[in-house]
Structures are given as C-alpha cells and as structure tokens.
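One chain, subunit A, links the two complexes that follow: it is found with subunit B in the first and with subunit C in the second.
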Partner chain A sequence: MLSVPLTRLVKVSDELSIMIRHLVVEAKPIQLSTLTHFAALAAEDAGFAPQQRDRIELVMDEACSNIIEHAYAGRPGTIDAYVEIRPNCELVIKLIDQGKSFEPESVARYLPQAEPANIKIGGLGLFLMRKVMDEVKFEFNIPGIGNRLTMVKRI
Partner chain B sequence: MQITVRSLKHVELVTITGRIDGEAVHEFENELRGLIERNRRKIILNLAETEYINSGALRSMVSALKECKRSSGNLVLASVSSRVLDTMGLVGFNSLFESFADVVSAVDSFS
Partner chain C sequence: MESILTVNEIPADAHAKSSAPVLQVTGRLDTNTISVLEKALMRAMATGAKSVVLDMSQVGYVSSTGLRVLLAARREARERKGNIVLCALTPQVRDVFDMVGFTSLFDIRDSLEQGKRAVA
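On to the complex of A and B.
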C-alpha cells in the first residue's frame, strides 16, 4: 500500500456532505484484497445489504484486475481508488490509472448461454461490472489525470 | 487460497479453501488445466470452504467443464455457498454445472 486510506468530508449543504475516501496502491495482484476490502467497507458504510456489498466487492476485483492485467500488463504503476458515499444513497467508485487505454466497445460482449459448448467467455468481467453497477463510465487519457473508471451504485 | 487434490477411484476431488480472487485465480486455473492435461476429466470441485470467486475463476471452471464434456467426463460442484451461487447466478452459470449438496452425492453421480 502506498498510502493509508484518507477520508474527507465535502459539504454540499448545511445538513448534507459527501464522504470521500482515497487509497493509492501499486498495481499488483497482491494489492487486490486491499482494494476489494476498501470497496466492501465503503458499501457497508453506505448502507448496502450484505448481498449487494459482496457484489460491489466482486466488481472492484474485476475492475482492478483488468487495470493490472490489461492497462499496465506487467509494467509498474499505481491505482488511485476513490469511494464517495453520497447523501442520496449513492456509492461512487472511481479508479484512476496511467496504463494503456482500450476501447470498451471492442471487448467481446459476453452473452449467457444454456449450453457450455456455446459459451464464449470473453468480456465476463465487464459484463459483471455493468450488471451489478447502475452506471459504468470509462474515460481515457484525461490530461493531468490519466484513465478514469467511474462506477455508481444506488441503494 | 489453498487447493488440495485427492484421487477418489476415477474421480478427482478438488477442494478450494479461501478466496479465488484476482491474486489466486492463476493458481486455480493451472490446477484445473493440469488435471485436464493429465486426462483426468471427472472432476468434483468441493466449494464448501470457498468464500469467494471472481470472473477469472468462472472462466476457468467453464473451460474445464467444456474439456471434460468433450471426453465424456464432467466437472460437478459440491457444497456451493450462497455467495458463490450468487456470483454464478449473475452470469447465468447456475444451470451449466451439476451441483450437489455434498461430496458424497457428487462422487455418486459419477458411478
């Protein structure tokens, strides 16, 4: 871990504020449990039921595994993970990396099939991210930032 | 994650303890691939102590299932936890695998 999780509150009105937590880790598989725990804890604090919390943890694993395996592909780098617990019952996860960009629409679309022989298993991670989260947005090569994945889940 | 493999008659019992996450998935994949390469194509995955699986684990399971079925074998599941079942359900995998309440029933399914 390159930083301990930092927490700050951003006031949006006299009564309401957004809780933002930030964690920076090296983009290595050994950091995946730290990242997934970070997301699960935020989901719990945001009030998600255990099943949804577990699914959010899974999505964090998928998203960060993709960054490590595909964006950095063995090169050294970092993942900046932000979680925002918003007062309107929203959890926002933002992941920032400086790895290679990709075209999400060019990733094979996974389609569930009843017969094992018909299954094409490419795009499973992306399918899970889109299935579990209410919003999934990829942005690449943002000046001064890098690549940013934003995922939103509402209770 | 810990993986143990035991040969029971003509069936391989693969027991996974812990989490098959992005860090552990390659070891899991290699274990299944090794069995297939050694022509061991009747496989039980004992998931009683498996806390968590990710899409990489699901990919490995389905690849191994396809290989087993190609040679009249099978890959079946035993003692799947509700969390693993939920993950499988998200991608429509629940109906792909035969699943048994315990290892004994899974072993019996091969006889």
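On to the complex of A and C.
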C-alpha cells in the first residue's frame, strides 16, 4: 500500500456532506484484497445489505484486475481508488490509472444465455461491472489525471 | 488482508460411492489463489478421471478468474464425456453464478453426498 486510506468530508449543504475516502496502491495483484476490502467497507458504511456489499467487492476486484492486467500489463504503476458515500444513498467508486487506454465497446460481450459450446468468457469482468452497478463510465487520457473509471451504485 | 485457498483431495476410502476424484475447496477463488485450484484440477484429471466433484461449501468468494477456470475445467471434462460437479455452493458463490448464468450451465448439487452419487 502506498498510502493509508484518507477520509475527508465535503459539505454540500448545511446539513449534508459527502464522505470521500482515498487509497493509493501499486497496481499489483497482491493489492487486490486491499482494494476489495476498501470497497466492501465503504459499501457497508453506505448502508448496503450484505449481498450488495459482496457484489460491490466483486466489481472492485474485476475493475482493478482489468487495470492491472490490461492497462498496465506488467508495467509498474499505481491505482488511485476513491469511494464517495453520498447523502442521496449513492456509493461512487472512482479508479484512476496511468496505463494504456482501451475501447470498452470493442471488448467481446459476455452472453450468459449462449450455448455452452459458444460461451465466450472474455468480457466477463465488464459484464459483472455493468450488471451490478447502476452506472459505469470510462474516461481515458484526461489531462492531468489519466484514465478514470467511475461506477455508481444506488441503494 | 490475505487471499487464501486450499484444495484437498478427499481420500478414496472416504468417498467409496464415487468413481471420480473429490476435491474439498476452502477459501477465495480469485486472481491470487486460482493457481491452487487449477493445479489440483489438473492433477485430478491427469489420473484419467472423466469427472471431478468439488465440495464448494467453504468457498465464500469467486471472481471472474475463478469462473474462467471452472468453465475451462468443465469443457475439458465434457470432452472426456464427464463433468465437473459442484456441491453445496454458498449463497455468495451462487449469487455470482446466477448473475453470469452458470447456475444452469453447471451440474450443481445441494450436498456433497448428492454430488458423489451423480458421478457414481
């Protein structure tokens, strides 16, 4: 871990605040459990039921595995993970990396209804991310930031 | 936090009803642990077994990496006219299986005993 999780509160009105937590880790598989735990804890604190918490943990695993495996592909780098617990019952996860960009629509779509012999397993991580989260947005090569994946889940 | 997975083959005398190797899987099936299951499956199938029974009652987490390995093992077993039989899925694993459609794809049994009988 490159940083301990930092927490700050951003006031959006006199009564409401957004809690933002930030963690930086090396983009290595060994860090996946730290990242998934970070997301699961935020999901719990946001009030998600255990099944949804487990799904959010899984999505974090899939998203970060993709960054490590495809964006960095063995090159050294970092993942900046942000979780935002918003007062309107939303959990927002933002992952920032400096790796290679990709075209999400070009990834072969996983089709769960396919005949067993024709199942294409590529895109399974993306499928799970889209299945679990209410919003999934990829942005690439943002000046001064890098690549940013934003995922939103509402209770 | 650490990702841990162990896979133990249940000795033959303990599963006399089954003609297939029985593997007891414990822990998390993810990127950091999946090689443990891959190797155990390879060892089990290297004996010439057509089918393998997996006791999944102690697996609380599976990611897409784990799903890929299970699917590959199923393909291999089906080519041998056998199958991969998954027993006693935990609610967490069943939820992931439901989301990706694996529940209808795999031979899933409620208990290890049922799984052993399926390949007897």
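Just so we're on the same page, the second predicted complex is superposed on the first by the 153 of 155 C-alpha atoms of A that agree within 3 Å, B and C clash if a C-alpha of one lies under 4 Å from a C-alpha of the other, contacts with A are read in each partner's own complex, and residues count from 1 in each chain.
One rule holds for everything that comes next: a contact is a pair of C-beta atoms (placed from the backbone, for glycine too) under 8 Å apart; a residue touches a chain by one contact, two chains touch by 3 or more.
Computed from a prediction, not measured in an experiment: that's the story for all the values here.
Colleague: Fit or clash for subunit B plus subunit C once both are placed on subunit A?
Modeller: Aligned on subunit A, subunit C clashes with subunit B.
Colleague: Applying the touch criterion given at the start, work out whether A:34 contacts subunit B, subunit C, both or neither, answering first, second, both or neither.
Modeller: Only subunit C; A:34 stays clear of subunit B.
Colleague: What is the contact status of A:148 with respect to subunit B (first) and subunit C (second): first, second, both, or neither?
Modeller: neither
Colleague: For A:112, decide between first (touching subunit B), second (touching subunit C), both and neither.
Modeller: Touch status of A:112: both partners.
Colleague: Have a look at where A:128 lands relative to subunit B and subunit C in the superposition and call it first, second, both or neither.
Modeller: both
Colleague: Using the superposition on chain A described above, determine whether A:100 touches subunit B (first), subunit C (second), both, or neither.
Modeller: It touches nothing on subunit B or subunit C.
Colleague: Using the superposition on chain A described above, determine whether A:65 touches subunit B (first), subunit C (second), both, or neither.
Modeller: A:65 sits against subunit B and subunit C alike.
Colleague: Taking the stated contact definition, name every residue in subunit A that is touched by subunit B in one complex and by subunit C in the other, in rising order.
Modeller: Looking at subunit A, the two contact sets intersect at 29-30, 32-33, 51, 54-55, 57-58, 61-62, 65, 110, 112-113, 116, 119, 121, 124-125, 127-128, 131-132.
Colleague: Once bound in the complex, which stretches of subunit B touch subunit A?
Modeller: Touching subunit A from subunit B are residues 19, 21-23, 52, 54-56, 58-59, 62-63, 65-66, 69, 83, 86-87, 90-93, 95-96.
Colleague: Within the complex, which stretch of subunit C touches subunit A?
Modeller: 1-3, 30-32, 61, 63-65, 67-68, 71, 74, 78, 91-92, 95-96, 99-101, 105
Colleague: State the interface residues of subunit A toward subunit B in the complex, per the touch definition above.
Modeller: By the definition above, subunit A touches subunit B via 29-30, 32-33, 36, 51, 54-55, 57-58, 61-62, 64-65, 68-69, 110, 112-114, 116-117, 119, 121, 124-125, 127-128, 131-132.
Colleague: Where on subunit A does subunit C make contact in their complex?
Modeller: 29-30, 32-34, 37, 51, 54-55, 57-58, 61-62, 65, 110, 112-113, 116, 119, 121, 124-125, 127-128, 131-132
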